[in-house]
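Report on one structure; see the data block that follows.
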Amino acid sequence: MWSLPYGDAVLHGLWYAAIVAEAMSAALAAGRRSMDWAGVCMLSCITALGGGTIRDVLLGHYPLLWVQQPWLLALISGAALLTIPLARLVHRLHAAFLVLDAIGLVVFTIAGCDIAWQMNASLPIVIVAGMITGCVGGVLRDILCNDVPLLFRSELYASVSIVTGLFYALSFGLNLNTGVWTALTFVLGVSFRLLAIYYKWEMPKFIFSEDAKLGDDKS
Amino acid sequence: MWSLPYGDAVLHGLWYAAIVAEAMSAALAAGRRSMDWAGVCMLSCITALGGGTIRDVLLGHYPLLWVQQPWLLALISGAALLTIPLARLVHRLHAAFLVLDAIGLVVFTIAGCDIAWQMNASLPIVIVAGMITGCVGGVLRDILCNDVPLLFRSELYASVSIVTGLFYALSFGLNLNTGVWTALTFVLGVSFRLLAIYYKWEMPKFIFSEDAKLGDDKS
Amino acid sequence: MWSLPYGDAVLHGLWYAAIVAEAMSAALAAGRRSMDWAGVCMLSCITALGGGTIRDVLLGHYPLLWVQQPWLLALISGAALLTIPLARLVHRLHAAFLVLDAIGLVVFTIAGCDIAWQMNASLPIVIVAGMITGCVGGVLRDILCNDVPLLFRSELYASVSIVTGLFYALSFGLNLNTGVWTALTFVLGVSFRLLAIYYKWEMPKFIFSEDAKLGDDKS
């Protein structure tokens, strides 16, 4: 999320657009739970920055981005509050937000891989760091809204992040030209996600529903 | 929460009173979910110490207070267990606990701001650190009790914490006499919170309830 | 969890068996929530490694085990995916999994105590670290499955972990022969847990159900 390749103004711009889009989607989720304005801002901040925060805590990568750049909290809160009067509009722009969300997933994944790579993490951890950055914000949002996280149940979301990370990490291993490879990764990841939405691709589900006891007495 | 201004015996005393009050309120919440005694102690510890713990993890401020002073865990567990035979009484002392809770919110916020300030955090982060210290314990309690956190839905709680932090942080910027300013902050914060309860002040809520899909296919 | 006493091949083997068993039980829980395959893997990883991860984050003990040994994620995901075709069998092997789970609880607790001890934590924190390592994975699983954590409501689970930790920590205080003492702790802990299951020992519960308000306006 944080340290994108230098000079990559386009990617930076997309990152901000994605942060704002995440914040606005989270604000709608807060509205569905009738949260008050402070709650709307908090849920938006946690959703938009939570993935990178958890990644940094797990990797021991301090200080956190929003601690260094606290104006991000203001940006996100502003976007969240702006969503309140514009809720109908945001809701109607559904398709645009799906695209922004796909862009966010891919850009966050790329940035997460970069951070882990800079910390000399091994390749599997680079990919896991990308996935955490891209996906965990939504998991936190769902936990705070008291849902079973959608990530675990639906669509190709984590999978898109993993494929994106795998492809992107190839460039580390092969010493490829980062700029071109990043653009390729971006196109691949976003296309994969949008195709998955359009054609309703899903992973197979594991459905187990016996009058079961095993899980129930384990903790 | 942790490092209050030196010599400030009154504030220290209030901090302990607030910790105990938080523990007992959390124990009642555990009782409503029919937790066993071990669960009661754990929920109380997480509620009373969770805010400061999350703040320290996010700021990279180690070691945690309860790791340095593990007898706090015993104090909190003791208060939690004591709540079990005294449940009716604690419940009837409702008003007293609301006051103690308000005191806790303000004292925790002040202590959280202090910690962040000592770590040379920027002013916005000082205020965020105060809010996390004051509010996150209750959020963790609600998540573990499988509720949507009340913080996001009701009353001026986070807002009181933010106003308290803003006011308190003025003294850092202006080099004011800390002792007097702390007392002023305390009176302001507690009064604000109690007035908010008494007059049922609330933030406006954002209620959005269309047969909506946007949030549902994002994760 | 991580650094078991050197040369203790038996304990190491048990640790791996327990990790795999935790992963398979978590996969069944995921199946009950109809998660997709990616969700099954993620829930299994979080359940199997979450306790040690939270402990390490709280103690500031970096890097995390799975960051150093990412192949553990592959092992756990493999076990989780294997559970899908074998769900009936795993379910029928209920009793075996209870034993493996008891072994895991005790082995994780011992390993957690070791880590904290190596970091020069005080004795109470050594025991708390053991309990976190043994128990928190299941708490995270229950939160992600949107349940009130079983740990807080049922059976002697945390209690077994605490007793195990207390007994094990004696050897640190008394400079006893670690190898023999570890074996003793293991036998004691597993027996305690299995007896607790067999005889349905439970801690007393704290049940409080007034048309209460106190907890409801606290956050």
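Going in written order, the chains are labelled A, B and C, and every chain counts its residues from 1.
Simple rule for what comes next: a contact is a pair of C-beta atoms (placed from the backbone, for glycine too) under 8 Å apart; a residue touches a chain by one contact, two chains touch by 3 or more.
Just so you know, these numbers come straight off a predicted model, no measurement behind them.
**Student:** On Cα atoms, by how many degrees is chain A rotated relative to chain B, nearest 5?
**Tutor:** The C-alpha superposition of chain A onto chain B needs 120 degrees.
**Student:** Looking only at residue numbers at the chain A/chain C interface, is the share used by both copies over half or under half? Answer same or different.
**Tutor:** Both copies, chain A as well as chain C, present different residues to each other, with under half of the numbers appearing on both sides.
**Student:** Take the average of all CA coordinates in chain A, do the same for chain C, and state the distance between these two points in whole angstrom.
**Tutor:** So the centre of chain A lies 29 Å away from the centre of chain C.
**Student:** Residues of chain C touching 2+ other chains?
**Tutor:** In chain C, residues 57, 60, 139, 143, 146, 149, 151, 154 touch at least two other chains, as defined above.
**Student:** Along chain B, where are the residues that touch chain C in the complex?
**Tutor:** The touching residues are 25, 27-40, 42-43, 53, 57, 60, 62-64, 67, 70-71, 73-74, 83-84, 87, 90-91, 94, 97-98, 101, 135, 138-139, 142-146, 149-151, 154-155, 157, 197.
**Student:** Can you tell me which positions in chain C touch chain B when the two form their complex?
**Tutor:** So the residues of chain C in touch with chain B come to 57-60, 121-122, 124-125, 128, 139, 143, 146-149, 151-154, 158-159, 162, 202-210, 212-219.
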